[in-house]
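Here chain A shows up in two complexes: once beside chain B, once beside chain C.
This part shows the complex of A and B:
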C-alpha cells in the first residue's frame, strides 16, 4: 500500500496540480477570459447559468465537508495526506464556482440566499446521505460515497458540461478542465485505496452497496429536476441561436432533447459506477428510477 | 440577487491588498488563489521542501540520532495539526474560513510529509513507526487535547489551541532550530515557518474578532490557555533537550510564545 500511496503524495500533487495545469490561471482559467456576451446579455441564459453553477457549488461544498471529515477517520498517514490535498482541491472548486456566480452578476451579499433559492433538494438529500457516514467516521463507506459515487458523478457531469461549453464558453470550459483533472485523481485514489479495505471487511458490503443504491437514486432525481428546470435549450431556439454540435458519449448534444440528455448522462454515470465498484469488489445495485 | 451585469473582477488589474475594503481583504487573504501565489514563491523548484541538489552536511552519529528524535516530535505535532485543521473545516463559520482552513490542511499534510521524508533521508527505515516510538508524551497529550476540542465542536477553543497555541509553539521552535540545523533540515524548516506565520495570522485575526464580538467567551479561552501552558512548557523543555540547546533557550522560546498570546490579551 505504501508504494501506491507515494503516487498520491503532496509532493506529487504540487508537481501535477499547482505547478502544472493550474499554472498561469486565475480562478481556474486564463485571466483574459470572461463569460460570453450571449449569456451576460440574455437574462434567461444568465439565470440558467446561475442555477447550474449553484448545483456545482452545493456539490463541491459537500465534497469539501466530506474530504476534510474523512481525514480524521483515515486509518493511515498516507491516506490522511492524500485527503489533505483533496480537501484543498475541493475548497478550490468551491472557490472557482463561487467566483463564477459573482462573474454572472450575483452580488456577494446575496450569495447564500441565491444558493438557498436554487439548491436542488435532491442533491441536498444526496449530500446528507454521504455526510451522515462521514459524521460517523466511517472511512470505508465515506470513501466509497465520496471518491467513487460523488466524484464519479462529478467527473461525468463536468465532462458533459465541458463538451457543451468548449466552443461557446471557453472560460467556463477551462475552469471545468482543471476540476476534471482533480476528480480523476480523487476517483483513482478511491479505487486504489478501498479495494483492500473491502476485501478485509466483506461483511460490510451489503450496507455499502445499499448506500450506493440510495445515493444513485438521489443523483438521478437531481439530474431529472435539473434538466426539467433548464430553460436554456428553449431560449436558444427562441433567439435563433444554434446549439453547439458537440460530441458526448457518441451523441450530438446539439440535437438531443433535454430528456435525452438526462438519460444519456444518467446512463453514463451508472455504467461508470458499475465498472468502478466492480474494481473494488462491490456489486453495483441498480437504483429505483425517480 | 443583483441584476447588474458585471464583468469578472479579474478582467481588470487586481487591486492592491491594502486598497481593499475589510470584507474584500478577508476574501482575498483567505482564498486558494492567495495561498497558491504565496506557496508558489517558496516551494517552486523544491522536492520534499528543499533544493534536491543540495549536498548533505556531515552529521555525527550523535547529532543524527538527536535530529531523528526532534523530527519524530515534529511529525507528532504536524499530525495533530493536520487532524485538527481538518476538523476545524466543518466547524468554521463561513465559506472563506473553510477555504483558508483547507489551505492549512494541505500545508499541515505537507509538513508531515516533508518531516517523514527527512527521517527517511536520515536512514530511518520506517518513519511512521519511529514517530510512534519516540514522540514525547507532552506532544501526544497536546494532540489528545486538540482532538477533544474538535470533538466538542468548540470552534473558538479549538482555533485557539491549534492556530494560536500549537502554531506559535511550532513557529518559535522551528525558527530557532533552523538557525543551528544542517543545511537541508534548515531549508525545510524555513519553508514550514513561512506557512506557520500565515496560520498564526489567521488564528490571531479570527480569534481577535471572535473575542471582540463575544466578550463573555474571553474567560473560557483564558482558562484553556492556562490549561495548555503546562503542555507548552513541557514540549519546549523536551525540544530544548532534544536539540541540545542551553537551558536559557527554553525561557527565550517561552517568552516568544507568550508574545503571541499577549497580542490577544489573554495573559495574566
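This part shows the complex of A and C:
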C-alpha cells in the first residue's frame, strides 16, 4: 500500500501534467487556435456550443466541489495529496470550459445567468447525489461517486466529443485531450484506492451500489435531455455542411441520428461502469430508464 | 556466457523478442518514460507482442521486450499496477492488481 500511495506525489503530477501535455498551452489549447468560423458565424451552432459547454462547466464545478471536499475525509496522506492535485485539475477544467463560453461570445457579466439558463436539471440532480456523500465526509461513497461514476462518465463523454471535434474544431479537441489525460489519473485513483477499501468494508456495498444506480439514472436522463435539445445536427443538414465521419466505439458518428448517439453513449458508459465496479468488488446495478 | 544466456539455455520457452521503442508523441508522463506508452486508437488497433492495453485508462503500455503471461507492467498515466494474462480472444490482456 505504501508504494502505491507514493505515486500520488505533487512532483509526479508536475512532471506528468503542467510540464507535459499542458506545456505551452493557453486555457488548454495552442495560442493560435480559435473557435471555427462555422460556429462563430452561425447563431444556431454557436448557441448549441454554448449549451454543451455549460453542461461541461456544471459537471466540472461538481467535480471541483467533490474532490476538494474529499481531501479532509481522506484517511491517508497519499490520498490527500492526490485529491489536492485532482482539485487543481478540476479547477482548471472549470476555467478552460468557462473560457470557452467567453470565446463563444458569452459576456463575463452574463456568465452565471447563462449557466442557470442552460444547466441541465438532471445533471444538477446527479451532482446533488454525489455532493450529499461528500458533505457527510463519506470517503468511500464519495470516491466511488466522484472517481468511478462521475469521472467514468466524463471520460467517455470527453472521448466522444473529442472524436467529433478533432477535424472540425481542433481548438476544442485540444482542450478536451488535456482533460481526458487528467481523467486517466482520476479514474486510476478511484479504482486503485477504492478496491482495498471496498474489500475491507463489505457492509457498505449495498448503499454504494444504490448510489451508483441513482447516479446512473440521472446521468442517462442528462444524456436524454442533452441530445433532445441539440439542434446542431439539423442545422448542419440545413446549411448543407457535411457532418464529420469520425469513429466512436466502432460507429460512424456522421451517420448516426441524435437518438442513436444518445443510445451509444449511454450504453458505452454503463458498460464501462459495470466493468470498473466489478474490478473493485461492487455489483453494478442497472438504472431505470428515464 | 552471461547469466541471461545461461537462463535462456535452460528455459523451455523461446527467448523473448526485443523491440526498439520510438517516441509516439505520447506526452502524458514525464519525458523519460514517454516511449513506453502510446495512445490507443480503438478496437481496430492491433497490439504488437510487446504491447498491452491498460483496462483502466485505455493507454497502450509498451515494453522493450516481448510480453508474456505473468509479466507485471505499470501504467504510469493512471498509476495502475497490472499483470499480463491471456484474454478470451487469445491475445494478451492486462488485469489490475489492487
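The rule we apply is simple: the second predicted complex is superposed on the first by the 290 of 290 C-alpha atoms of A that agree within 3 Å, B and C clash if a C-alpha of one lies under 4 Å from a C-alpha of the other, contacts with A are read in each partner's own complex, and residues count from 1 in each chain.
Simple rule for what comes next: a residue touches a chain if its C-beta (ideal position, glycine included) is under 8 Å from a C-beta of that chain, and two chains touch if they have at least 3 such contacts.
Being a predicted model, the structure only gives us computed values, none of them experimental.
In the superposition on chain A, A:195 makes contact with chain C only, while chain B stays out of contact range. Legend: residue contacts after superposition of the two complexes on their common chain; A:247 is shown touching chain C, with no touch to chain B. Chain A is touched at more residues by one of its partners, and among chain B and chain C that partner is B. Once chain A of one complex is fitted onto chain A of the other, the partner contacts of A:80 are limited to chain B, with no touch recorded for chain C. Applying the stated contact rule after C-alpha superposition, one finds that A:108 touches chain B and leaves chain C untouched. By the document's definition of touching, neither partner reaches A:151: not chain B, not chain C. In the superposed model, A:64 makes contact with chain B only, not with chain C. Within the superposed three-chain model, A:95 lies in touch with chain B and out of touch with chain C [touch as defined at top]. In the superposed pair of complexes, A:138 makes contact with neither chain B nor chain C. Taken together, the two structures place residues 19 of chain A in contact with chain B in one case and with chain C in the other. For chain A in complex with chain B, the residues that touch the partner chain are 9-11, 13-14, 18-19, 22, 26-27, 31-32, 34-35, 40-41, 43, 46, 50, 61, 64-65, 68-69, 71-72, 77, 80-81, 83-85, 87-88, 90-92, 94-95, 98-99, 102-103, 105-108, 110-111, 113-114. The touching residues of chain A, when paired with chain C in their complex, are 4, 7-8, 12, 15-17, 19-21, 181, 183-185, 187-189, 191-192, 195-196, 199, 247, 249-250, 275-276, 279-280. Considering their complex, residues 27-31, 42-43, 55-59, 75-81, 96, 98 of chain C touch chain A.
Residues 1-11, 23, 27, 31-33, 36, 39-40, 43-44, 47-48, 79, 82-83, 86-87, 89-90, 95, 98-99, 101-103, 105-106, 108-110, 112-113, 116-117, 128, 150 of chain B are the ones touching chain A in the complex.
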